[in-house]
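The following pair of complexes shares a single chain, subunit A, combined with subunit B in the former and subunit C in the latter.
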Partner chain A sequence: MTETFYEVMRRQGISRRSFLKYCSLTAAALGLAPEFAGKIAHAMETKPRIPILWLHGLECTCCSESFIRSAHPLAKDVVLSMVSLDYDDTIMAAAGTQAEAIIEETIKKYDGNFILAVEGNAPLNQEGMSCIIAGKPFLEQLNHVAEHCKAIISWGSCASYGCVQAAHPNPTKATPTHKAIKTNKPIIKVPGCPPIAEVMTAVVTYILTFERFPELDRQGRPKMFYSQRIHDKCYRRPHFDAGQFVEKFDDEGARKGYCLYKVGCKGPTTYNACSTIRWNEGTSFPIQAGHGCIGCSEDGFWDKGSWYARLTDVHQFGIEGNADKVGGTAAAVVGTAVAAHAAISAVKRAQKKENA
Partner chain B sequence: MSVINTPNGYRLDNSGKRVVVDPVTRIEGHMRCEVNLDENNVIVNAVSTGTMWRGLEVILRGRDPRDAWAFVERICGVCTGCHALTSVRAVEDALDIKIPPNAHLIREMMAKTLQVHDHVVHFYHLHALDWVNPVNALKADPKATSSLQAVVSPHHPMSSPGYFRDVQTRIKRFIESGQLGPFKNGYWDNPAYKLSPEADLMAVAHYLEALDLQKEFVKLHTVFGGKNPHPNYLVGGVPCAINMDGDMSAGAPLNMERLNFVFARIQEMVDFNKNVYVPDVIAIASFYKKQLWGGGLGALSVMDYGAYPKVNYDKSTDQLPGGVILNGNWDEIYPVDPRDPEQVQEFVDHAWYSYPDETKGLHPWDGITEPNYKLGPNAKGTSTNIEELDEEAKYSWIKAPRWKGHAVEVGPLSRYTLAYAHGVDYVVEQVNRSLAGFNQLAGTNLDAKTALNSTIGRTLARALESEYCGDMMVDDWNELISNIKNGDTSTANMDKWDPSTWPKEAKGVGTTAAPRGALGHWIRIKDGKIENYQCVVPTTWNGSPRDPAGNIGAFEASLMGTPVERADEPVEILRNLHSFDPCLACSTHVMSEDGEELANVKVR
Partner chain C sequence: MSSEAHITRSEPSVYVYEAPIRLWHWVNAFAILVLGISGYFVGSPLPTMSGEASDHYLMGYIRFAHFAAGYILLVGFLGRIYWMLVGNSHSREIFFPPFFSPGFWSGVKHELKWYLFMAKEPRKYTGHNPLALLTMHFMFVWGMIFMIFTGFALYGEGTGPGSWSHNLFSSWIIPLMGQSMDVHTWHHFGMWWIIIFAIVHIYVAIREDIMSRQSIVSSMISGWRNFKDDGKIDDGR
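And then the complex of A and B:
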C-alpha cells in the first residue's frame, strides 16, 4: 500500500490549507496559471512517493547545498513528504555496506520505477579510479543504477556538461552523464554551478506532478527555466540600451547599478533564470550584487575567456530575433499546451483508479 | 601482519579483524576507511583513504590570475567561498594589492557567515545522526522534551509540548510509512546511541529547524556576492559597490535596505548559535561523557595560520591567532610562516603521486603533482575492485602535509586550542563557561585539555567557533557602517587591475581559517598568467596518509584506541571521522594526467 503525497503530508501534520498553498506556489514557480494549482493538488493527492537514488561523482557538492536552500518547497518537505530520498551519500545515515545495500534493495523493489539523480560526473582516466565508490569506479555504480531507473536528472553543470574538472585540459577525463553511460533512459539537464535551488525543486515537483519531464530544449534543458538569456530580463537592461556602463569596479556607474557588459558580464549569452527567479528565495543575483554573470549554466563556460573579457557578439538594441530565439518561443507555446494536457491526463488516470 | 610504533607515539597492529567502510557517508566527497580491531573490538590500526581527485591546479595553469577565484571556489561547494577568498588573497599578495577597509569587512562577514552556516549544517545534518537516534525520538514524552529544552536552551522560543508533539507526529508518520529515505539502513538499535528519547526528539526538532534556517544565513552571501553556493569575489576588493543615498541607490548592490537585510541575517545567526547550537552540543555531549576517545592529535599537535585580523594586514590583531603546538605543550606556541620552504611541506610516499625523491617533502611553491595510482603488494582485490588496501604502500589520493616534519591537526579545535593557549579572552571565557555547563550536566569535573582532546571536544570547539564568528560579525557590520558614516564608501582598489601594471614574475600566498581548518593557496604568476598554483587544504592535513617517517595523520590518530560496539556497524568510526567534518573534494582536488602527458605535469 503506497501513500500519496497528500496523505503523507497530512499524516505528518501538514494542514490542508498549507498543502493547497504549497500547490499554488508550485504552480507559480512553474509559470502556470493559477487554475493549475487545483490540478497539481489533485495529482499530488493521488500519487505515491517516488524513490530517488542521488549519486555523487566528481563534484564539489554545491548542487546538494543549493538544493537544501530551497524555500518553496522547503527541502525538508521534499525529503519528508514528496520523494523518498533513499540514497544520497551526503546526508544518508547509513555508510559502507549498509549504504550500498540500499541501491540493490531499491532496484529489487522499484526496478524501472525510481529516479536517478546525478551530481558530478565520472572520470574515465586512471581506469575510472579517480572516483572510487565501495572500492570500484564510480562509473560502475552509475551504469548499474542507470540501467534500472525510470529517468535521469543530471544536476548542475558537472553532470550536464563536465564543468570545472572538465575544463582544459580535463586531466581526469571527467565526462557528463549522457556521454559517460550508454542509456536509452530520458535525461533532463539542469545546468548551473550550482542550479538555483527553487529551479531544482521545481523540476522535481513538475516531474512528480505531471508524471513527465517538462518540455526540454535541444540540449535537454527544461525550457521553463532555460529559454531566456539573463540579459533579456535583467533589471539593468535599460542601462545597456541607454549605453550606460560600469567601466571598472567601484566606479560611479557601479554605484548607480549601470550595465556590467563592459566588465565582462556573460548575461547576454547565458540561458538561465537568475534575473527572473533570482537566488536564495529571490534575495538577489550576481548582477544585482555588482559582479557580471560568469555564464555558469553554459556548456564549457570555463574555457570561453576571462570573466572580465567583454563579449563581442552582442547587439546594442533590443532583444535580437535570431532563429534560435524565434524557434524557442514557438516551442514554448507548444510546451505549455502539452503540459496542460499531461496534467489533465494525470487527473483522469487518478479518477479511473478511484473508480476501479 | 605487523606491529609498527610510529614516531608520533602510536602502536599500529594490523593483525586483528579488518573492517572496511566505503563509502564513508555524510561528508563532502568520497572517502574510505579501514580499521583493525583487537579481540575487545578496540581499533588498533586505522587507514584513511581519499577516494577522488579532480585536477584543478593543472587546469589553472596559463589562465588569468584574476579568474582563479572562481575555479578554486569550485573545489568545494560546502565550504563555498573560502577557496575564492584564499585565492584573491594569494593573487593580491603576489601583486602587492591592498584592498580597502570596507572590502575587508565585507569579506570577513562572508567568511564568518560561511563558518556559521557550515558548522551548523555540519553538526545538524552531517554529524548529528552519529549521536542522535530519530527512531528513539518516537518514545519521547513531548512534555518532558519541552521541560528538557527549558533547562538546556531557555531562550529558544520554539519549545512548547505541542510543538514537540507535532514534530514527533511528523517523524512517526514518516517512519511508519516504511519509506525511510535518508534514515534507511541506519544503526538505530545500536547501543552506541546514548541519548534519552527526549534529547533525541529535541535534537530532531532542531535538525529540522536548522535545515530551514541555514538557507536564511547564506542570504548574506547573496547580498554581497549575488548567490550561494558560490558567491562572486573580486581581486582588489569586493564587487558590491556602496551607494547609500545618491542617484539610483535602490538599484545599487549595497544601500541601507541591503545592509539592514544583512544585519537581520547576522542576528539570526547570533541567536541560533547562542540559543540552540551551543546548548545542544553541550547537552548531547553530556550523555556521552564516558566516550572521551577520539582525541588523536587534537588539542595536542595543532596548527593554524591565524585569522580574523581587527586591522587588515596586521597579523598581531588576529582574533583567532595562529601558531603550532606540539605534543600537548600548551606553554610553547611556535610561529608559522607559510613562505618558509622548511615549514609546510607535502610528502607523497604513501599517496598516489610520484616525486623524484619520495623521502623528502616539497614546499607548495615548488610542489610537484604527478599521479601514480597503484596498490601495494599486500592489497586484496584488483586495481578496480579494492577489497583491502595495503597501507605500507601508497593508499590514498591525499598527500601528506607536515609542519617541519610533524603531523598536526587543523580545524576549529586546533584554532580553539591555540586561542586558549594564547589567552584570547573571549575564547577562554567561552571554553570555561561551556565546560562548566558540561560538567554540571554530566556530573563530571573535566579540565579543558582532557575534555577538548576528544571527538566531543572537536565538535564542541566547532560550535564555539560558530558562536564567536556570529559575534565578530556584529562588530564587522558596525565598523562598516561607521566607515560609511565617516565618508568612506570605497569597496575595491582597481589600481593594479590591468596586467600591464604587474611585474613580469611574482609569487604570493593567501591563507584563511576555512571551516575545516588552515587553508593556504600558493601562486606563481609569470607574464600575466598563472605559472603554478598549489592548494594545501584542511582535509589534506587531517586526512593525510602516513609520511616517510611513519607518522600517522589526524583522522587515523583519532581512531586509534576507540572501542566499537558492533564490528559490522561503523557508528563510532563515523562519529570520529565526522567530528573533523571531512571534505574530500577539497583534499584531493589536486591534479592528474595519465600516460605520456605525465611529464608535462611536473609543476616546479
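And then the complex of A and C:
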C-alpha cells in the first residue's frame, strides 16, 4: 500500500496545523465552499496517492520549472512529495535503464489507474525521429503509456496546442497530445507557456482529491482558471476604459502604467488567470512588468504575427498584411472603381441626352 | 424625378416596400454606420487621453455605442426575418433569389452588360434586378448573419460564461475559428465586406435612380416604385 498524502506530509515535517491550512487554502483556490476544506483533508488522510508518470516530449521544460515554483502555503518539496511522481526524467534521481524501468513497473502495478502528465509533444514526421527518449521515438513511449493510463494531463501549450515547435511550416509535425495518441482517454488541457505554477498544482490536487477532472470548457481547459480573459481582471483595465494607452514603450503613458492595448497586448483575447493569481508568489505578471500579454495560453499564439500589434498578420495577401490593411485596400479599390464607373456613366448619359 | 422627355408619358407606380421594411432599412443603415465607426475605433483606438483614469470613459462610451448598435441591428434583423414571413412577396426577395430559374441568370447577364456599358437600356423591375438580388443575398444577408454571429461571440467574451451570448455564440464560434484573435480578425474582414457592400449599394442606388427606368432612392422612403416609361416590366425572369 502506498502512503497517503497526509503520511507523506507528516514524514516531511509538516505540522497538522500547516496541513489544515493548506487544505483550506486549496479549497479557496479551487473556488470551493468552506466545508470542502474538511473533505480535502479527509481525502488526503485516507487516500493512497495516485501515481503520475510525467513524460517529456519536444519541450523546453518551462512547465516543470513553473511547477516546482508553486508558492502554495506548503513548500514546493511537499507539493512534489504529495504527488506520487513515479517518473519525471528531468527531476527524478534515477537515470537511464533504471528510470525507464519505472514506467513498465508502474504500468504493471497500476494498470488503468495512474495519471499520465505530458509535457511537450510528439513529432509525427520521419516516424517520430525528431524526439528520441531512451533510444525510441517519444511517440511510441507516449502511445504506450497513454494506452494504460486512467487520464491525461496536457501540460502547457506544447501538449495542449503544439506551441512554437509546431510553428508554421512545422517541419517535424509536432502534434499536441489529443491529436497524437491513438487511444481515447480523457484529457485535461492546462495551456500556457508555461502554465501558472498554482494552476498546475491546483489541477493536480483537484484530480487526486476528487478522483475526477474539474469542470472543463469546450476546449478541455479547467473552467476555474480559463473562463476569463486576462483583460477582464487586468488591473490596468480602468485605463483601457478611459482610453488611456501606451502609444510606444518608454512614453509618458508607459511610465504612468496606462493600458498596453495599442502596443499589442493580447490580454483581450487570452484566457488565463495571470491577472488574478499572478506569478512567483503573486509578485507580478507580464502586464504589471510593463509588457503586453503575448497570449501564450491560446491556440496558435506563435503564428499570429507581431506581439506588438493588435491585428493578426494575414499572409495570404502578401508579406505584411492584416485585416485592416487588406480590407482597406479592397475598399479603396472598389471606391476607385465606383468613381471611375460613375464618371463613365455621366459621360454616357450626357452623350445620350445630346443624341435625344 | 423623370427627365423632360418623359414628362408627357404616364408613370405607373407599384407599392413595393412596406412601412416596416422602410423603417428597418434606415434603422439598419444607421446601426451599420455607428457599428463601422465605433468598431474601427475599438480595434484602433484614438490617441491616448491624459490625466487620471477616473476623468475619462472614452473607450467605455465607444464600446457602449458599438454594443448598443449591435443589439439594435440584431433586433432589427430578427424583425426583418419576421417580416419576410408575413410581408408581401418583395419582402422575401433578398432571402430567396430564384437561383434555379434560367430567366434569372439571363437577367444577371443583361444587368452585367448594362453595367459594362454594353447594353443601351436596362430592363424594368418592380423589385430588385437580378444582379442586385445576388449582391443583396450574398454580400448583405450573409454578411449580416456572419457579423451578428461573430459579433455576439466577441460580445459574449465580455459578458462571460453563462450569459446568453456566450452560450449561444462564443462557446462554439471561438473554438470553431481557432481562438479569440481569429474571431477578431474575421470580424474585421466582415466590417470591410460590409463597407464594400455599402459603397456599391449606395452608388448603384443613386446611379439607377438617375439612369434606369424606375425610381430607387425615393422608393425606400415612400415605398412606391415609380416607372419612368410604360414599357414592359421584366419581372417574369
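Details
Criterion: the second predicted complex is superposed on the first by the 298 of 356 C-alpha atoms of A that agree within 3 Å, B and C clash if a C-alpha of one lies under 4 Å from a C-alpha of the other, contacts with A are read in each partner's own complex, and residues count from 1 in each chain.
Methods note: contacts are C-beta pairs under 8 Å (C-beta built on N, C-alpha and C of every residue); 3 or more make two chains touch, one makes a residue touch a chain.
On a predicted model such as this, the values are computed, not experimentally measured, just so you know.
Legend: residue contacts after superposition of the two complexes on their common chain; A:294 is shown touching subunit B, with no touch to subunit C. With both complexes superposed, B is the one of subunit B and subunit C in contact with more subunit A residues. In the superposed model, A:167 makes contact with subunit B only, not with subunit C. When the two complexes are overlaid on their common chain A, residue A:302 makes contact with subunit B while staying clear of subunit C. Of the two partner chains, subunit C is the only one touched by A:232; subunit B is not. Contact with neither subunit B nor subunit C is seen for A:185 once the two complexes are overlaid on the shared chain.
Interface residues of subunit B facing subunit A in the complex, by the touch rule stated above, are 20-30, 32, 51-56, 58-59, 64, 66-67, 70-71, 74-78, 80, 121, 125-126, 129, 166, 169-170, 173-174, 177, 179-187, 208, 211-212, 214-215, 218-219, 221-232, 234, 236-243, 246-248, 251-253, 261, 371, 373, 381, 383-387, 397, 489-492, 494, 497, 568-570, 574, 585, 591-594, 597, 601. On the subunit C side of its complex with subunit A, the touching residues are 5, 43-51, 53-60, 62, 115, 117, 157-158, 160-161, 171-172, 175, 178-182, 184-186, 188-189, 191-193, 195-196, 199-200, 203, 207, 210-211. On the subunit A side of its complex with subunit C, the touching residues are 217-219, 223, 227-229, 232, 238-247, 252-253, 258, 261-262, 266, 268-271, 295, 298-301, 304, 310-312, 314, 322-324, 326-328, 330-331, 334-335, 338, 341-342, 344-345, 348-349, 356.
Of all the residues in subunit A, the ones that touch subunit B in their complex are 3, 8, 11-13, 49, 51, 56, 58-66, 68-71, 74-76, 79-80, 83-86, 88-102, 125-138, 163-165, 167-172, 174, 193-194, 197, 235-236, 248-250, 254-257, 274, 279-281, 283-291, 294, 296, 302, 306-308.
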